[in-house]
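Sharing a structure, written as structure tokens. Questions coming.
Labels run A, B, C and D following the written order; every chain starts at residue 1.
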Amino acid sequence: MIFTNIIAVLMVSAFIALLVGKRFARTLPYIAAIGVLISFALLAHFASNHHDLFHQAMPLVSVPWISSLGIEYATFIDSLSFILVALTLILALVCILVSVSEISQYQNFYYFNLLAALAGIVGVFAAADLFLFFFFWEVMLLPMTALIAIWGHENRRYAAIKFFIFTQVSSLLMLVAIIVMAFIYQQQFGDISFNYFDWQQLNIAMPLQYWLMLGFFVAFAVKLPSFPFHTWLPDAHTQAPTAGSVLLAGVLLKTGAYGLMRFVLPLFEQAATHFAPVAIALGVISIVYGAVMAFAQTDFKRLVAYSSISHMGFITLALFSFSPIAYHGAIVTLVAHGLSSAALFAMAGMLYQRLHTRDLKKMGGLFASAPRMGGMLLAFVAGAFGMPGLLNFVGEFMTLTGTFTHHPIATAFAATAMIGSAIYGMYLFQQSFQGKPQENVKIPDLRAHEWLLCSLLFGLLLYLGLFPQALLMHFDSIYPSVADAQLIGGKL
Amino acid sequence: MTALTLLPFFPLFSFLVLIVLSKRLSWHIATAVALTGIGLSFIASIVVIQSLNVSASSGEGLTQSLWTWFMLGEHEVRFAFYVDQLTAVMIAVVSGVGFLIHGFAAAYMRDDENYSRFMAYMNLFICAMLLLVLAENLVLLYLGWEGVGLCSFLLIGFWYKDPDNAIAARKAFIVTRIGDTLLALGLFYLFMETNTLNIQEILAQQQTSPLSDEAAWWIALLLLGGAVGKSAQLPLHTWLPDAMAGPTPVSALIHAATMVTAGVYLIARMQGVYLLAPEILNLVAWVGCLTLLIAGIAALAQEDIKRVLAYSTMSQIGYMMLGLGAGANVAAVTHLMTHAFFKALLFLGAGAIILAVHHQQNIFKMGGLLKRMPLISILFLIGIAALIAFPGTSGFVSKEAIIAELWQSKTAGPVFWWLAVVGAFITSVYSFRLVFITFFGPYRAEHELLPQRHGLIVLPLVILALLALGGGYIPTHLEQVFSAPVASQHGPAWLHTVAIIAPLLGIGVAYLLYFPKTESSPAVPGTSSVYRFSHNGLGFDSTYNALVVKPFVWLANINRKDVIDLLVQLISWNTFTWHSAMKAAQSGRLRWYAATLGLGTALLLLGVIL
Amino acid sequence: MIDIAITHVFLISALLFCVGFIGVLARRNTLFMLMSLEVMLNAVGLAFVGAGSLWQQADGQIMFILILTLAAAEVAIGLALLIRMQHQRHNVDVDGLSKLRG
Amino acid sequence: MIVEQFIAIAPQLLLSLAIVMQLLLIAFKRSQHSIAFFTVSAILLALFAHYPAMTNVNLAVTPLLYVDVFSLTINVLILSCSLVAVWVSYGYLRSAVECHDEYYVLLLLAVLGANILVLSNHFAAIFLGFELLSLSLVGMIGYLHLREHTLEAGFKYLILSATASSIMLLGMAFVYGATGDMSLAYQVPQQQDLQLLGQAGLVLIMVGFCFKLSLVPFHTWTPDVYQGAPMPVTLMLATVSKAAMFAIFVKFWLVSAIFNQDSMQFLLVCIAIASMLVGNLLALTQQNIKRLLAYSSIAHMGYLIIVLAIQSQQSVAWALKSGVFYILVYIIATLVIMIYLSGRSKAHAITDNDDWRGWQGLIWQRPLQGSCLILALLSLAGIPLTAGFIGKFYLFTVAIENQLWGAISALIIGSGIALYYYLSIIFCILAKPLETTSQTPIDKVGNFTVSHATVMGMLTVIIVALGLFPDILASQLIFQSEQVTIIFNEASQRF
């Protein structure tokens, strides 16, 4: 019930926020924060009671939903979903903190959307029924799109439409694949089923398996995003309000990676193996291309957006190398990128509030007036370019170590992103905070809630960067190895 | 081993205090905090070295494990320290010389508005550097490696308001980052082959089941890539002269005494792997050899006092590399140590001079300083003497030891020997060029001289001068670390003499060329094209700019709009074109509609009947 | 009764239908369009009667009567609209009715 | 026996009676209130008459009509829609100075035609229903003759619909000539030339249906007529006419077992694909909401007829269920939007208030109406949380079960294009309100009443409820559809 409860709590607080309305707008952040904190408490309580159960998938609820198609409302939990939900809730707090001073219009509807998006995301991580998964997958898009379209920047409608069409079209491909899978299950076992655990017994012939895998892969590659499907992301990130960017970069992209881990690899092992060279090539291209593109940008958020593409390339690379180390590295990268890119977008939001521009060319020398902010920005940039001691390094290092064994050349290319990320990272930091200060530009340094937010994120990055075992120990027994198919069944 | 555990964390703690309290601290308190942190480190390292000497005469090191960092499959990457004689030298140098430089910096940066931040960065640097040398495994070493890089970035760009400084900082960071990436690839390769990243385990494995030739070759090459980046050797050396944009104590600490020698440390540390790849070891020697010559030539044509010293640093590290490549390991590491002493002395001396002449760094605008600030000048001269390996100085001990062992080097011994001697000759030429132009002749500065007599300025210089003179005789027990001593077969007897004479000859040449003949003759920089070429570091910068930087920037900028996005827009454009076409068909004319109805019917009929 | 091959009946009705249809396409005068519609309906009627005679059933003829009714109703509405058109626009040119488009 | 038959077609008989009474009522007293009230009661009565009819299904009432659950379901849907249409028309026409009581007669005639069409089991009945529906609709389209586009729309609909029905009639004649049977369950003859004739006839009949369902390439009339017709009539066109046509198309297709013919199957899929693409493409930048709905209906009908492209008898039940669910959902969403539009328009205005750019910022001024519209649009776009998604999901299952990969691709591409215009409207509703002082704000236009909002809200609740718990309806439908299959099996085996 844990995830259902969390979703319920989030939705209830969303509706409360909506109903509270404009009259008590000041209470809205508190309502949202309380909702998130209650969810967090629920999760923590659950974790403290069950912490050794995470190594295996643990079904939670199963209620018939659309009986004619054997569709159930079914959820489950394992360490992967647990960690991603925890990450989601942490970033939810960040979202609320960055929204406090940014959002001045239609606040009630804003917090409604924010919380609804969170509920959808939690649902994605919780679903054990593929129809339910798809349902949440789409549901989280709606409030997200609304966030971009209503509270975004100047070009918000274009970005929102692009974002929505990209994800929707690709996810329809996935829907087709899901339905085909259900029919195949019906052929093989008699009953129609959308249940994830049932599907693990499926045995699909090869060319068909390949096509089905592609259906899933495209949906997740768009969300991730991987190289040729990435172009929605810079626009969406740039135009979204700060909390939207944080949520997009921090969690929404992770759902793509989650999908790859949860569905593509375990359900379509054979096809994934065949597809691996292509996927790895896409991953490497994303890494390099994202880094080069990031360097070329002059818009703060756009730069960070492209860097996300680069970092997510590591995930594709890691997952399709079928190396346990890289797989663990991918999990770490998920969390690390979630925290660090969220932090960078939060910084972008703070700068935008102070300067009313995201153009790096119009910034410079801000360190003089806001040293703490500069320090924090540098810290997060350092995280982004893989500074050891912060979590991103662990993820990157494990990923590359793992993939090197199988694909040394590809890894060598991917490793150039370490240079690339240093280039754009330093470019970002120096363009904004170093150099000659602009005339008469004095910006206030971090305010209390911003300080709280930055130190929360940095503290997590640092703590987990020094003690990543706190994260990794839950995954000791989890990894897909193609040679050892039994390992996967039921465990992932 | 509490001392060992705490050793790198003292400066970290003082860093935290300084960065958090920052401007709220007065100069005195900030200085006290900074110096305490590093001083405690120094004391701890003495304690560690003592216990090392007591406990491990057999060559075994001390290990101190703190916690498991992360797991690479079965292999546990620990947050753990390891100390042996090589590390001992390094920690002593880092904390000792570091302490002295901190003292100097306290005086040098006294009036800076961001003084606390500066000292914080310096402390952080020491912490990272200590982690680098103490690391028990290569991942932790990499942490330190990146940490020092980041601190170097911060300190070079400390005066961030000048865009040039920021660019220099970025350049330093990115160029070394290229090396770091190669190093990381080396680590991946090592892990693939040995399944561990623990240094001692790797080295021990080479005894039982050595790496294959190919693997050893690649690993050694990739690690060398890391080393040349950090140690500013060919071909990644171009960042170091620009890094002189940072405050002078930074140059002394990071870009002379400690960080730049990390590459030497790495190769010395991984000697066991290099021995399996003789070609690469030879390459190390060649890299060192070429660097020392090229840097020497470039140093001949510099006008900025710090750039001269920067090139000389590259050149001296070239000697260390050459020594490592040719098997003179002990001598090379000893040279690392002595170099730290005298180069720190030279930089701090230069710093004192720069302060005295109002932040003027052009040697052609100094002159005649020997009379005006004799104490500092003499201390500086001691440093120069050590640099050119004047007999009796520490530099003499270490450099001559390197050169002496070159002759027997297996591959190209005599060639190395000759080149090294030529390098020594060039060293003394440019050193005394510097000396003659700076300390002799008329005073050419625009402002009145400000003699520096602050205790924190003079005292470190004096101590460093003593070390520069006698540091070569400090016992190191390095032979315990380097297992394969070179055959003690000596070359011809004249070798020694030539090696000693070459620097002296250099002084003579420099005297002829650069000594101001009359008190009033104006010293001018050269104007010939050869001079300009040499002044610009033999064109490496411009070549890299044209070949790498410009194309990259061009490529990135030309694709700013993202070609893939254009494809997407093409799709949407296409859709809209179709839309317009169909919209045109929706003309509103009834007869046309009826016609489509007929056409459609005909089409369907055809479709079924055919 | 002269034995006419059923194919001929259908052919002639199809031809008649096409004539009517072309009339709809070619004439701009609304009145003629309505008349062409009548031609089409009559063609259909012919086909029904032919088919009915082929199968010796009355159904075809019944259909024809129904069609006649329809034709009358259609023309009634058509003429009503025609009058409105004449009233409003003072002509019955169908091409004038192309305001709704795009 | 005869009583049972009367009960089975009681709703239609009631409607016919009501039409006569309406005429009498008009003669007696010209009052819009009373005739509207009377019409509503008649329709309600017809609706209630379905209860006894439901108990006695699978009954042939003369060779012309055949009553089964599928037809009854659709008829209930049609009557409900017409109920809404009457109510909406009342509000719409109320403001006019004239007394528009004949309008209700035409409306009821159209409903009767649609009902007969759905029940029919014979070409003659189809013909009668078809023409009754079309001609009454022409009358209604041209009813408000003073408006700007009425004449044009009426004329276009008259000529094109008459042409299409002649084509269909010709097809019927051909089929009759080939088989000698005018019942839907005719048998294709063995002779070569007769077979060809039958085939040609079949295609021509299909043209008639496609025209009414506004499938490509017979779609051209749709936007013009939708735009030119008064808003409540557009509502009728989009709901009553579409539902009836869909029902008879399905019966025709299944009872005659046409899905067994590969060439027809191929044609159908081609038409479906073309409709999805063309409809959505045409709607792309459309700013008139009525035209936009017309174009999107082209696409939706394209989606819908996928359910006919089944490959075996086993799929029939599922396909029918999906089809009924989809059209129901489509109609509900369309109703929400059209009710809103009707409420915001007036009969005596020169045109309807149908530019969706006028909706800018609606959600901030009228949150309930705005969110209803948004949810309806989302449902049309097929986004989860709304019933439209479930409908589309069902269509996907049908298409996949029958391996119609081409249609699936078109469905995906079409949905992608459709998102563009649906989202544009939604974002317009969500945008900041215009700062206009000169024009009347949108929420002051028309006769929009609380009842409009209530009905919109109720329908929206249904949309969301079906989106979350489709089993409420779907579990009912599956039972009925299975019965329908049996009927059709029987029907096809009768000869």
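Here, a contact is a pair of C-beta atoms (placed from the backbone, for glycine too) under 8 Å apart; a residue touches a chain by one contact, two chains touch by 3 or more.
Just so we're clear, the structure is a prediction, and the values are computed from it rather than from any experiment.
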Chain whose Cα centroid lies nearest the overall Cα centroid: A
Chain centre separation in whole Å, for subunit D relative to subunit B (CA means): 78
Separation of mean Cα positions, subunit D and subunit A [Å, integer]: 43
Distance from subunit D to subunit C - Cα centre to Cα centre, in angstrom: 26
Intercentroid distance (Cα basis), subunit C paired with subunit A, Å: 65
Where subunit D touches two or more other chains at once, by residue number: 155-156, 159, 163, 223-224
Two or more partner chains touched - positions in subunit C: 21, 24, 94, 97-102
Where subunit B touches two or more other chains, by residue: 583, 586, 588, 590, 594
Interchain contacts, given as pairs of chains that touch: A-B, A-D, B-C, B-D, C-D
Subunit D partner contacts - residues on subunit C that touch it in the complex: 6-7, 9-10, 13-14, 17, 20-21, 24, 30, 33, 37, 40-41, 43-44, 47-48, 50-52, 54-55, 57, 59-60, 62-63, 66-67, 70, 73-74, 77-78, 80-81, 84-85, 88, 94, 97-102
Sites on subunit B touched by subunit A in the complex: 19, 22, 67-73, 79, 114, 117, 139, 142-143, 146-147, 150, 153-154, 157, 160-163, 166, 169-170, 173-174, 177-178, 180-181, 184-185, 187-189, 191-192, 552, 555-557, 559-560, 562, 564-565, 568
Residue ranges of subunit D in contact with subunit C within the complex: 123-124, 127-128, 131, 135, 138-139, 142, 145, 148-149, 151-156, 158-159, 162-163, 165-166, 169-170, 172-174, 176-177, 180, 182, 193, 197, 223-224, 227-228, 286, 291
Contact footprint of subunit B on subunit D as seen in their complex: 155-156, 159-160, 163-164, 167, 196, 199-200, 202-204, 206-207, 211, 216-218, 220-221, 223-224, 263-264, 266-267, 270, 278, 281-282, 284-285, 417
For the subunit A and subunit B complex, residues of the former touching the latter: 162, 227-228, 230-231, 234, 292-293, 295-297, 324-325, 328, 365, 367-368, 371, 375, 378, 382, 386-389, 393-394, 397-398, 400-402, 404-405, 408, 411-412, 415-416, 418-419, 422-423, 426-427, 430, 433-437, 466-469, 472, 476
